[in-house]
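Quick one: structure below, then a few questions.
When the chains are written out, they are named A, B, C, D and E in that same order, and each has its own residue count from 1.
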Amino acid sequence: MLYFTVRRILLLIPVIIGLTIIMFAIARLLPGDPVALAAGPNATQAEIEALAQQFGLDQPVWSQYLRYVGGLLHGDFGTSLLTRRPVAADIAAYLPATLELVFAAMFLAVAIGIPLGLLTAVWRNRWPDYVSQVFAIGAISMPRFFLGLLLQLCFAMWLMWLPLGGQLPIIMIPPPRVTGFLLVDSLLAGDTQVFRSALAHLAMPAVAMSLSPLATIMRMMRASTIEVMQQDYVTTARALGLPKRKILFKCVARNAVSATLTVIGLYFGWLLGGTVLVETVFDWPGLGLYATKAIVSQDMMPVIGVALVIGLLFVFANLVIDLLYGVINPKVRYS
Amino acid sequence: MTDLAHEPAPAPVSAGGDRLRRALFRFRQSRLSVIGAVIVGIVLFFTIFGTLLAPYPDQVAGAVDTAARFQPPSAAHPFGTNELGQDVLSLVMAGTTVSVLAGFGVVLIGTVIGTLVGAVAGFAGGWTDEALMRLTDLTLTIPSLILAMAIAAALGPGFVNMVIAISLSWWPGYARLVRGEVLAAREETYVTAARAIGASPRRILFRHILPNVVSPIIVKMSLDMGFAILTVAGLGFIGIGVRPPTPEWGTLLSLSRSYMPDYWWTAMAPGMAMFLAVFGFNLLGDGLRDLLDPKARR
Amino acid sequence: MPEPILVIDNVSKVYPGRRGMFGRSAEVQALKGVSISVDRGESFGLVGESGSGKTTLTRSILHLEQPTSGRILFEGRDLATLSGAELRRLRARVQIVFQDPYASLNPRMTVQDIVTEPMVVHQDVLGLNGRQRTERAAELLSLVGLGPQHLRRFPHEFSGGQRQRICIARALASGPELLLLDEPTSALDVSVQAQVLNLLCDLQDRLGLTYFFISHDLAVVRYLCSRVALIYRGELVEEGETAQIFDAPETEYAQMLIGAMPEVAVPSAGRPSTPMT
Amino acid sequence: MLTAPSLQMSRRSLLAMAGAGLATAALPAQLFAQSGNNILIIASGQDIPNFDPHTATGYSASFFLRNVYDPLVRVSGNPPEPVPGLAESWTVSEDGKGYTFKLNPAAVFHSGNPVTADDVVFSFQRALALAEGNSWMIRDIVTPEGVTAVDPQTVQFDLAVPFAPFLQVLPWIFVVEKAAVEANEGGDDGKTWLMTNTAGSGPFNVARFQVGTLYHLARAENAWQPGGGNLDGVIWQIVRETATQRLMLQRGEAHVAVDLTSEDMDALQDAPSVVRIIEPEYRTFSIKMNTEKGPCADVNLRKAIAWATNYQAILDAAGYADLMVGPLPIGILGFNPDLEVPRTDLDKAREYLAKSAQPEGGFTLKMVHVSGLEQQRRWALIMLDSLKQLNIGLDIQPLNWPDMVALCQSPETFPDLFPVYQTANYGDPDNIAFAAYHSSRNGSWQNPVYSNPEVDALVEAGRSEIDTDKRIAIYGAFQEKVVADAPDIFGVLERRKLGMRDAVQGYSFTPVASNAIEAWPLSLG
Amino acid sequence: METPLLAIRDLHLTMSSFDGHAHVLNGIELTVRRGEIWGLVGESGCGKSLTGLSISRLLPSPPARYLRGEIRFEGRDMLKLPISAVEALRGKRIGMIFQDPTTNLNPAYRIGEQLVDVALAAASHDPTILDCPPRVGRRERKRAARRLAAAMLDRVGIPNPEARLDNYPHEFSGGMRQRVLIAMALIGRPDLLIADEPTTALDVSVQAQILKLLKGTVADHDIGVILITHNLGVVAQTCTHVAVMYAGNIVESGPVAEVIERPAHPYTRALMAAIPTKETRRGALQGLGGTVPNLIAPPPGCRFAPRCPLAIPACTRALPPAVDVGAGHAAACIRVEEERAAAHA
């Protein structure tokens, strides 16, 4: 187990190298002159060149690359051309908001998707099952950004129940930063007002983000539940008179969840990378919005940084899922 | 020997036609798949004829009518007009072509690259497999939307660039699928049988393995169509999609965002069109999966 | 005394441990110094329970796997020393019928494609053109009790027994000397098994084939084979004439195995008395 | 930086407000009203990534600097006039090259130290040395040696050349505390330090900020500026969607929205408690043509295009705007309202087309625009529609701004049509005339290719002439020449569109940088 | 006469599918008493497993539909009982063992836990099995159940049972797993044990041990067993009685010795002739021609008639009734009577 964990963590190194190479290659594809933009509209050629020199952009790509990787070793993700701010600091500032959103969405998806999947499997081929199947395909088909807009239109613009966007009303002083997660920090600070307000702000983006994974998890859970219910050991359990409830929650649920777990791991990565659209709609101050702005202004360092961080988180999440899988499924652990 | 040709058979089976008949029956049984097929049929119809049938074809090509800006839905403009007085219905109808073709292009390119990579990796094994799959995993690790956005931003806006950008983040799924299927097929007894006969690797790959991998690929393609359309729209929504005046759903939706809630109709039509098209493809894909790939049936 | 067509000479096979998700599994010794000699024209039976190494041995004879040590000689020539072309020619002369007739036919190929495939692959040896191949396929089908009307059909349209016949036809297509029969009847019902066994007997008589018959079913081996070898955990434990082994097994394992055979005869000693009340 | 007690204070009161009847959605403005704490909330789409007064650019940075730092002279009124800033008075020499400023003795930095002439000299020299940000406005006019401290309260400028709009550019050169910057010099003239720290004397200072989200300025404890409203602080909140800005304004979640579109203004028409400010401003929006290469090098084609353009559509699409009459903004010094400029007239357009090299049309021009800039996209579509009448096709390519800038470097790469906004940073015709039509600016986005020696001569004469009547005459001739050359399709002057809650008092509009709001005079009632 | 443990009378079952309703059980008659081991034998698709599953009502409906007949367990008709009452019998009065020991144990749980669950479920109906005072706490009951589980493992011949309780199923060999399953089926002290191909997935040597274990269990507990298998050899070695099934019918039944030594029905004979024995000459094995009938449109009369070497036109008129050929031995064939008559003549 330890060997496995260490090996997987060591495997991150080639992932980092590969990621940076790919992103650097894309950065080189960029036409135009980001330095000119960064230097400002009234800069002279000499100023632009000086700036390029300052950022090392006048040097050959490989030397830029080595410089970048060298910086990574010290936790330096480079500097944004546009804002001149260190990318690492920006990521540290934006990441918690994104993670908070992703975790909230994931929580909704798992907390609703798994029981619903289990229930629809039990109610298979009856009307609640059909309704939820249609709902699931509909949810998967719904563009997140359109859903976000509809939610905004309905709950923020017409009904005015929820705030339009952002993470917190600006007059609220955020609680002291401990974890970076507003919900957690406000609770730690005992500030229920901030907590409630943060929750209200989180509601719509989290729902918009969670719908598709919720539906997928539900479908996956339904499918694996049905599959498990057809397993021989379930027939045995029935034949030996175990109570229905016990069969469902003990035999079936556990095995079905372990099959669903892989999907959850994949979805975590998908959510991390997919916050872009929802963050755009809800003005959520997270990595996606940050990356979008950087991409649009061809500011490559933040883009590389964000891709790297999300990639690593994705790999890490899958590592956790694999370990969890081993816990739930003892066979994997031993064989 | 007794009558050997007539020993127990599972069921009276006539020929391949019967299988098709059963498949169609099963497909018809699933009402959702039929609805999906109908929606996809309508979507494909508009893909081909959308621009021709649009009530205001000039406006599809970019004509403006600023005197008629932001008109609410009416008989003349069932979905109202937009900020330049263009008929939203016409733009959305014509947008079908762009979105569906882009989605199809993405899926097709992704499939070709992915199948190639996956088949080679799965069949060659060893070092080649390792190298190709590490590349695949790596590409999967990069958030696909951000990768597509970065490439699209690098290539500049435009239909072809957008399709290329998304395809480059799309293939790893296929590579994994095909490799997995090839690996599984490689272990099939009939492949061992072919090896025992002395068939060449080429023959085994093309005659025995790939034909048996086609079904899952087709199923994945049909299920992916919806997601590809969504991704195309997502890119358009961010603002790095097609070039004007090409009407594209995501771009239309993105533009109309600024006019909410007063001119909500500019957002409804493209949004609903997007949803319905994706919904149709997903329903159909689900049905196809049940038909072609019973192993993966959910 | 006929020359042996197949000699397995002190063959061992070790599978290295595989790196799994949670560590490395131990290495597996699948075969330990197995030596067998099969004479031309005979039916040689190899009996073993699951995990005994039967399958590994079969795959090694087909050269689908290389033994860790030892030699396998076909007509006196070591498989390991053969060139690619020679090996291909050899494949025409050693053929196999697998256990599961449902899995061993490519579902996307017609019976004609399946049966003619060995002829296409060994075109250089057999030299048949397209029409000849079709004719030969029809001949083979009738040889195994099917007819030319089945050529255009797909495997899924046949029952298990019929499929196994197709497999046998395919195995015969390249004109082999030696047929490896890897539990060819264990997936079939008794009545169908009987037909296939009869067919095999019939074919051997007609074509002078050599059978290397692998099975865990002692009754079938006893019925079909003239000589038998028992394999247990990768080791050969007993070998000899069928009748001799079945009547007077020497090793403990053989005695246990043969003793455990469920014969269709009411055991005289343990015949149940009237039910208790 | 804000001192501890006042931060404590505002924090406590904010929490108290937050406690007041929060259901789910907080409506801050109401809460503010209850608390008695006057914090003005401005919703804007632009971030303030850099606080350095000598390197930062953008209107958001201008907002920040105008409130946190002081220039020698501020600008106020409509038309804009220089008013005292750090300098309480000034004199100008006869030849227009010598300026003497008397500093206000009350002026102190946030640190409590008085503002001295040394600080002013240091600031100008630093701006010139860094050559970033707004320094281009005084480049080649002020030299490092030309700024001197006569005594602690007096600064003397000796300009390299006479420069009529000198007082107009001074509001954009801010004064930093020399001692503070030198203490944090850090090997890069304090650039790194000043990026997130301040050393100003303005009426406000930074209380807290969250990059990309909000910037909270609190009234400086030792604010020395005379007058002033009742504000305790200002929050600059980043709200990217204009529709969201508008909704926040309607709901009272923001007091001022600075990026509203015409559609937003229409929607706000009957909104209660909202005041709409729609005022003409010196910001031109025109489409430049490639006068050097390609079909548009032919003046007849340029004129044909200019006459074919659907100006009404442009005006419709722009909403609250006025059609430009020639190259200069309406109402600026020297502007000629009677200038004859192209208006939609297809006959005339065809006439000019007939004189061009391809009288039948049948070719395609290329137009670029900034992707994501909605107004520019609309223009491109209107041009597509207009050019169709002349049987000319239009290939539209949205580009990122850096790519657009890159295209401007040579006539070879410059597209046929190039839409561009130009803001008058200072209220003088020289600003537009020099930047957009002088050939020395070729290669820059403001004037990529257009070059006419006669125009150059007029521009140069205009900026060094001090006599106003003479300047009016010079700029009159300049306008005639430019219109004859037709390098641009003159588009619209978009009016400045601000939305404000009626609670905001003390606001008066100035057509220069009006979205970089000076908060000092404002009050919340 | 005492009530038999199990009495199946005229059971008709259809299964619906795309092609129509298959008449898969066609008037099954079977009586099982305590102490009897009934072998239910036949080729794939003959309905033997469906019969077994029907007894515990484990077939999902639809597609299964019982047209007619009754399954009386100790006199009560399982088909008429509410499903909850049937569920209450499962595992307590009726135990079941299935074919594949690998898939019939839940891979996610230790076997101890699985045994305890079954024991507790059974104890909720019959607290005596736990061998602990009634009305004790949950934990106490669990401990008692665990003791019982270990005792059961010991009884089915698993060495070191206490420790093995904490193992996962994949840590056992196939034969051991089947023993665990038998322990699980017996833990509720059932009166009837249904074993559906319990040894098919096992090696011959293991098969013999398992069968021996089954036989021992019957002797020890005086229960009734239905052993479903396709292997006549297994039946001959293990059972007291046998019922031969073909296409949804029991064609022949009776004490094992009777049926095997004097098979009356042509199908039974054909089946036995297809099995190579020590005496079978090479090439003399007899296969069975023809095809298994299509159960959606079964042939009229005797379902074996189309393949029967002895068939006469009368065979296709009506389903032949079971004819007693002596010593509790019955065969459903109209030619049997003729034959007997001929033999007497």
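Throughout what follows, a contact is a pair of C-beta atoms (placed from the backbone, for glycine too) under 8 Å apart; a residue touches a chain by one contact, two chains touch by 3 or more.
Just so it is clear, the structure is predicted and the values come from calculations on it, not from any experiment.
Chemist: Select the chain at the greatest separation from chain E, using centres from the mean of Cα atoms.
Modeler: Most distant chain from chain E: D.
Chemist: Write down the chain pair with more C-beta contact pairs when C-E is set against A-E.
Modeler: Pair with the higher count of C-beta contacts: C-E.
Chemist: Report the chain whose mean Cα position is at the greatest distance from that of chain C.
Modeler: Measuring from the centre of chain C, the most distant chain centre belongs to D.
Chemist: If you average the Cα atoms of chain A and of chain B to get two centres, how far apart are those centres in Å?
Modeler: One centre to the other, that is 24 Å.
Chemist: Using mean CA coordinates as chain centres, what's the chain A-chain D distance in Å?
Modeler: Distance between chain centres: 38 Å.
Chemist: Starting from the mean Cα coordinates of chain B and chain E, work out the distance between those two points in Å.
Modeler: Using C-alpha averages as centres, the distance is 51 Å.
Chemist: Using mean CA coordinates as chain centres, what's the chain C-chain D distance in Å?
Modeler: Inter-chain centre distance comes to 88 Å.
Chemist: At which residue positions does chain B touch at least two other chains?
Modeler: 2, 4, 7-9, 153, 156, 239-240, 257, 260
Chemist: Which chain A residues sit where two or more other chains touch them?
Modeler: Residues 31, 157, 280, 296, 298, 334-335 of chain A touch two or more partner chains.
Chemist: Give the residues of chain D that touch two or more other chains, as numbers and ranges in rising order.
Modeler: Each of 241, 371-372, 399-400, 403 in chain D touches at least two other chains.
Chemist: Quick one: in the complex, what on chain A touches chain E?
Modeler: Touching chain E: residues 231-233, 235-244, 246, 250-251, 254-255, 258, 328-331, 334-335 of chain A.
Chemist: Could you list, by residue number, the parts of chain B that touch chain C in their complex?
Modeler: Per the stated touch rule, the residues are 1-2, 4-5, 7-10, 13, 15-16, 19, 188-190, 192-200, 203, 207-208, 211-212.
Chemist: Looking at the complex, which residues from chain C come into contact with chain E?
Modeler: 49-50, 159, 189-195, 197-198, 201-202, 205, 216, 218-220, 222-224, 246, 256-257, 259-267, 271-272, 275-277
Chemist: Which of the residues in chain E come into contact with chain A in the complex?
Modeler: 56, 58, 87-92, 94-96, 98-100, 103-109, 117-118, 121-122, 168, 170-171, 181, 184-185, 188
Chemist: For a test of understanding, state which residues of chain B touch chain A in their complex under the given definition.
Modeler: Touching chain A: residues 32, 134-135, 137-139, 141-147, 149-151, 153-156, 226, 230, 233-234, 237-240, 250, 253, 257, 260-261, 264, 267, 271, 274-275, 278-279, 281-283, 286, 297-298 of chain B.
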